[in-house]
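Here it is, the structure in full.
First chain written, first letter: the chains are A, B, C, D, E and F, and each begins at residue 1.
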Amino acid sequence: MTQWKIQPVVEGLQQARHDWREQQHRIKEFGGRELPSKEALKSILDDLCGILFPMRLGPADLRQETEDYYISYTLDHVLTALFSQVKLTLKYEKKREFNRKNVNIAEPLEHPIYDQQDTLAKIIVQDFANTLADIRRLLDADVSAAYHGDPAAHSVDEVLLCYPGIFAIIYHRIAHQLYASVPLLSRVISELAHSATGIDIHPGAKIGAGFFIDHGTGVVIGETCVIGERVRIYQAVTLGAKRFELDEQGALKKDYTRHPTVEDDVVIYAGATILGRIVIGQGSSIGGNVWLTHSVPAGSQIYQSPIEKHNKSDA
Amino acid sequence: MTQWKIQPVVEGLQQARHDWREQQHRIKEFGGRELPSKEALKSILDDLCGILFPMRLGPADLRQETEDYYISYTLDHVLTALFSQVKLTLKYEKKREFNRKNVNIAEPLEHPIYDQQDTLAKIIVQDFANTLADIRRLLDADVSAAYHGDPAAHSVDEVLLCYPGIFAIIYHRIAHQLYASVPLLSRVISELAHSATGIDIHPGAKIGAGFFIDHGTGVVIGETCVIGERVRIYQAVTLGAKRFELDEQGALKKDYTRHPTVEDDVVIYAGATILGRIVIGQGSSIGGNVWLTHSVPAGSQIYQSPIEKHNKSDA
Amino acid sequence: MTQWKIQPVVEGLQQARHDWREQQHRIKEFGGRELPSKEALKSILDDLCGILFPMRLGPADLRQETEDYYISYTLDHVLTALFSQVKLTLKYEKKREFNRKNVNIAEPLEHPIYDQQDTLAKIIVQDFANTLADIRRLLDADVSAAYHGDPAAHSVDEVLLCYPGIFAIIYHRIAHQLYASVPLLSRVISELAHSATGIDIHPGAKIGAGFFIDHGTGVVIGETCVIGERVRIYQAVTLGAKRFELDEQGALKKDYTRHPTVEDDVVIYAGATILGRIVIGQGSSIGGNVWLTHSVPAGSQIYQSPIEKHNKSDA
Amino acid sequence: MTQWKIQPVVEGLQQARHDWREQQHRIKEFGGRELPSKEALKSILDDLCGILFPMRLGPADLRQETEDYYISYTLDHVLTALFSQVKLTLKYEKKREFNRKNVNIAEPLEHPIYDQQDTLAKIIVQDFANTLADIRRLLDADVSAAYHGDPAAHSVDEVLLCYPGIFAIIYHRIAHQLYASVPLLSRVISELAHSATGIDIHPGAKIGAGFFIDHGTGVVIGETCVIGERVRIYQAVTLGAKRFELDEQGALKKDYTRHPTVEDDVVIYAGATILGRIVIGQGSSIGGNVWLTHSVPAGSQIYQSPIEKHNKSDA
Amino acid sequence: MTQWKIQPVVEGLQQARHDWREQQHRIKEFGGRELPSKEALKSILDDLCGILFPMRLGPADLRQETEDYYISYTLDHVLTALFSQVKLTLKYEKKREFNRKNVNIAEPLEHPIYDQQDTLAKIIVQDFANTLADIRRLLDADVSAAYHGDPAAHSVDEVLLCYPGIFAIIYHRIAHQLYASVPLLSRVISELAHSATGIDIHPGAKIGAGFFIDHGTGVVIGETCVIGERVRIYQAVTLGAKRFELDEQGALKKDYTRHPTVEDDVVIYAGATILGRIVIGQGSSIGGNVWLTHSVPAGSQIYQSPIEKHNKSDA
Amino acid sequence: MTQWKIQPVVEGLQQARHDWREQQHRIKEFGGRELPSKEALKSILDDLCGILFPMRLGPADLRQETEDYYISYTLDHVLTALFSQVKLTLKYEKKREFNRKNVNIAEPLEHPIYDQQDTLAKIIVQDFANTLADIRRLLDADVSAAYHGDPAAHSVDEVLLCYPGIFAIIYHRIAHQLYASVPLLSRVISELAHSATGIDIHPGAKIGAGFFIDHGTGVVIGETCVIGERVRIYQAVTLGAKRFELDEQGALKKDYTRHPTVEDDVVIYAGATILGRIVIGQGSSIGGNVWLTHSVPAGSQIYQSPIEKHNKSDA
């Protein structure tokens, strides 16, 4: 007699998995798991943060005189690690494609098409590396914006060390760079930032320089948002979709433009909800808790009407 | 001379603890700590996630052909680990009960009543194991709902890997299963999910199949909520209590029904606040930022009036 | 041929760093990084939690009979660790000060002024230690307030183990104690709590005994807030600044009083936004989602007007 | 098709285990493994070393002023950990005893006799704790002997830090103290020392104060050895059994006295082999590589005859 | 100015590496390191020990009822890990072969011959798996021999847990199985055992069932040894080569038969040195410290003449 | 009542420490522990091995093209870590010196003399770094000697990966370089090698290029040994002191020359014991188990006479 009655549990789970796979019209899965790994990407992002800001986010014993040694070595290491994750992601996508097309390939992972993915992965990773200096410059503008935009910020170092908005934008700028080629991988990166900061920026969102999110918990920025330069956003702001379109089969349409465009120098205060494919004109201010579903011209100042009132009645 | 003047600090803390325990009318504590451990439960939940979704959340080198080996071994291991935590929790509850009744038992942990807790713990754990396949089926419906409910979702695998709402509901369905027998333990589980996702679902809440929370940061779902099937919720939605009732001594009443019932196929958009023992009728839509404290019939569409206005005045 | 083309990436990053440092008018950096470390402070806070609540947050195998042994040893250890972090922070501040004054000191870290920082650090740490018992007493009042303020709380132990608001206030009371002397270090502590709980309390905020935040995700409490005793706050409440003042150069003024004062026994419900140097009078209730930018007298009950309406129109 | 053909391997191993258990006349095993754990004992010994020599083998940041805090806390912790290992060992012995007697007890681990083992384990551990100060005094004499006996030793601290002979004798004195009550556990401890140092001292060996083993690799000291005070031994010395006695069934007799007695102030040089129940008289010197199987009186000087010779022949 | 003058050190090392590679007539190395990893093999051996003796060397919480679950899952995992190491080793060997032949292949690791290595690696690993049950049976005989051959052994469990000779023979039987196909990998395994036990068995040595090494420190068993069944060996025994043969260029001949054959039921006592391609006949006893360079017939009893003498002279 | 009676144990240990310190004529210890740390040095040696042999002992994912990045970064890091350990060691020596001279300095660690130690430590570490290329060249010769001296060695890579003699000589050459300035630290390094390999080389020993120890377990090489070039040594060889000289007080003389000089091209076979300040002339061979206490001229071939004999008598 075993301590726990395990066999029926195992069989029940087996049947549940079987039913799910059947329902998903999945051809029999082959081989192992081809999916990017959260743990691996967490470690890759840690290294990339160190490469981008060696004296602030790199190893504690680093000295400015030897920054480049550290960066060169870590870069080689981290690009190789990223290469593995990109390969896994590309192979996963190929497998799904075969699956969707109902192509039943006996050992598809040994199919020559997979070798092409390796070459592709190498190009993606090198291209990504080539943008790192630009990413650093964008982030410098973001740090500067945070320092100048918050009376509580005492130094740019405090901003880098303590501001969740900076953490989120570092992750976003990296994820966004990878979004076109390996979207699933970039989504894992954005969720790492979301879990750490409560700031949920879809990697597809396009965000200009000098972007600052203060406090940040509850911020949501959708996939097809376009945000200009020097935009400032506070906690719990949503830049979302207003309504979901359906295709002719009545299923949700995927991947169409459905989120706001926010032009340069806009400020959006805490809790504002801005929905749909609308435009917030340059230099506008959107007040706290405002609910906005139509475009506003440049220089608009949109605030909630004063709705609170004194009353003694029960709420 | 010691480097730090420690003795007065230790004594100050001792006195503070003493005063607190006296104020709590605690009988002298005996033995060690009988409380579920966050770290142990984190590791148990990791294993349970692997058991429920072996090829997605299990070990990276797992292959589909050997899923059942992995599940069988891990199940035996994790049930034993859970058994320890359940025992600790049951003993803690017994100790509190003695405490409340002012029963001063010299060595109560060696009291025969504790042996009964072991038998009870075993039953609780086996019962829990027996529901795992059902939990998997519920979660499959949740994953499916997320995939079909979000235009940004490109695959069910992305949903499992990247959606905090899925993480939260996996934890919730496990915690809820344990809530009736070991409520404190299930609360620790729900806080693990809250800390990771910003989604705070009380383990007492009853939630039907096909539940989807998008983005999720700031969602609060109260202890006595009842949620139907295919409900969709966005970030910062609160399903809370409207007012707290007092008992005849003027103290807060505990454990009475005080949260909303949300019927099948309801959608609640970001920031809506729904309070009290009210019913949201089947198929209703509750708009963003809506503040709702009364029941609405099936098919209702509740939206905030358009309150934003242009003004130049100071906000 | 190297696998990755690393050299241009390294040089691009070098140039970006150079430009940033020039723009920041930084004198050439010397030596290593003088900044408090997140990892070190995380470990220090873990130990301090164990010291404050040994039988609840200390090591799992601790027994009440030997609490003081554990506290004495851990206290010595943790004060020494904190001493290191305080020294780093003080040296960092001195370096910035030299930097701002454009004092170009060849090897400034060996300048005698740094030895003075060591003495100062020792005083700061001992002073901090001396307040630990008071902190414990404040926290006991907070725990008690949470237990009595939430119908879902079944015991004070559940509160300590599972309530993110308690986690946040433990961290805050520690951070606040260090805020006057090492503000950067205290900011790192507050961000650790923010990341874990979604509750963002600036370490400068003054908070009285018996403070309770329920659920908490999205709460923001600004630097110059003053909060009285027995105040209760729900998720997504903002106690923020209304407007930022500029100095004569048009730059943001830093460090002036700009956040609300909340008097004793006030309750602020979920999502309320309270902005500016205003006073919420004793015993007031501020309803959910209320937007408040002016003072209210004692005993006020401020609620949002009933704004929801039924409509069938598109949202 | 699975990647590896695992099933036949599993079945082959199963059959091999079955055959072995049958051959061992084992009753069906029940429950889990009751055996002391190497990893747990390694950690226990680390703590005991810290308790015995806090400023040398304790935590690096310990200060002399707070030694007793560290010792008190660690002692409580380590005795509880040792208690677990002693219980496991006692239960293992009981299980073997039932096994040998062919008592087939359905759930023997829940048999009341196991509760008696807990009481016994508690006594064993407290008794062990009570001897720690004596063990420290013996070890002080050992350290002193090493310092005075080796021209290369520059300080007693070097001896404690760098001499494998000291490591081995610390472990031995602890293991020996536990040998009478939990022999299997004490054997695991002695093997930990053997693996780390190459010095194999059976925990049964009785060894007087001021014992010094230099270099030590290859030293073997048998179970029934009795060694006096101030004895010095070099590498590769064997104090072994000369011949094994058989019982009437022709099987090896176990547990009878079969190893040398070495009286006070004896020195035994590298590679000497001393076998059988003989006595090396007080103050004797035994030269390197000597092979000795008979007793020698006090003050003997035993050396190998000069056997080397020059030759050109092949070796 | 950098703190350390690093550049000349780096250049000095670079030059030293360059000179070495030139001297080794190495073609330019390409790509990364293809070598088996000690850490990976240590972890593989830990898992294999658990598979072979699940209730003794497997995880502490394993129960006999679920052994096969554990074995099946771990086997799949460990064979995949071993497969990686075997592939690395085979590729290393191919690279050396190209190197020796001075074949300068631009990107040799992408040469089709490397794909053949993968197929080969798979066969090697499956073949290895198929012998695991036989290895277990051999090891059972070894454990039994240890128990019956040592008066100090109280149980077969003590033998498995505490005898370094058993540790060494487990590692050897695994290493030997892999020796023919991946000799370098098997050498790493044998060195792991050597480092842990001081017992140095070359993986090429052929060793029959029921082999027992007691104490073991300093034992050396050469590559071309052949050892029969039920052989017993004590510490510091050498079974080595007598003389090294040179080839026509005057360099050492490699890989020829040069170590002893030890027939069944031989016992070799501590410190005996047996050298050259000689035969120790069945059932012989070789005494301690004996130096033997010629064959002896079955049943021989070879002992050192009594060479010790009393003398007072200086040694 | 506490579970364990700890107080008397703590007091007993306190008294034992007190007695020991009194007996050692130690002035009251101040501050913390100033001693090199085994764990820190283990990690430093790991890094140094990687620096010396990057493609063999460095990180697994290193590529030859980026060796110098890795070396530069790691060198900076490891020299700083070594600097800490050297400082600790120098301060420890100063403290001992004060202690010996009975200088009772209130806060001696803040005495200016300690600052001088920092400067000294910096010089020691830079000097050490400057010899790394020479150490690499010596080690290359050692690897080459091992490859050419052992018929079982199949490649220089196998030698680096699997030969404990190489491990020991890498550690020795590093330790020896530090011996003159920080002898205690270098002793810790040599014991790390001794524990891992069973080869005990005192860091004071001078050893020429092309040194090879085969198997190695039990080898002892004393502090004042001088070993020439191309010397080969087998397991269990002792190069030790013959007799210890006493000073006029009858205490052991420390630090005088007392170990053998072994000239170039000597081979010493397993188990040979060579004692005293003697010279083994160039090109000599010393046979296995030989006991040698006088000098032999160049070209000597010293072997044990054939002492084994057949007998049936009891051993």
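Operating definition for what follows: a contact is a pair of C-beta atoms (placed from the backbone, for glycine too) under 8 Å apart; a residue touches a chain by one contact, two chains touch by 3 or more.
From a predicted model like this one, the values you see are computed outputs, not experimental measurements.
When the interfaces B-C and B-E are ranked by how many C-beta pairs touch across them, B-C comes first. For the touching copies chain C and chain F, the fraction of interface residue numbers used by both exceeds half; the interface is of the same-residue type. Averaged C-alpha coordinates put the centre of chain A at 26 Å from the centre of chain B.
With each centre defined as the average position of its C-alpha atoms, the distance from chain A to chain D rounds to 57 Å. Spacing of chain A relative to chain F, judged by their CA centroids, is 53 angstrom. Chain E has residues 2-3, 6, 31, 61, 63, 66, 69, 72, 76, 80, 198, 217-218, 236, 271, 288-289, 304, 307, 315 in contact with two or more other chains.
Pairwise, the chains that make contact are A-B, A-C, A-E, A-F, B-C, B-D, B-E, C-D, C-F, D-E, D-F, E-F.
Chain C makes touch with chain F in their complex at residues 1-3, 6, 63, 65-66, 69. Across the complex, chain B meets chain E through its residues 59, 61, 63, 66, 69-70, 72-74, 76-77, 80-81.
Contact residues of chain D toward chain F in the complex are 51-52, 54-56, 58, 60-64, 67-68, 71-72, 75-76, 79-80, 125-126, 129-130, 132-134, 136-137, 140, 148-158, 161-164, 196-198, 215, 217-218, 235-236, 242-243, 270-271, 288-289, 293, 304, 306-313, 315.
The touching residues of chain E, counted against chain F in their complex, run 2-10, 12-17, 19-20, 23-24, 29-33, 35-38, 92, 96, 183-184, 187-188, 190-191, 194-195, 198, 200, 202, 204, 217-218, 220, 222-223, 236, 238, 240-241, 244-245, 251-256, 258, 269, 271, 273, 275, 285, 287-292, 296, 300-305, 307, 314-315.
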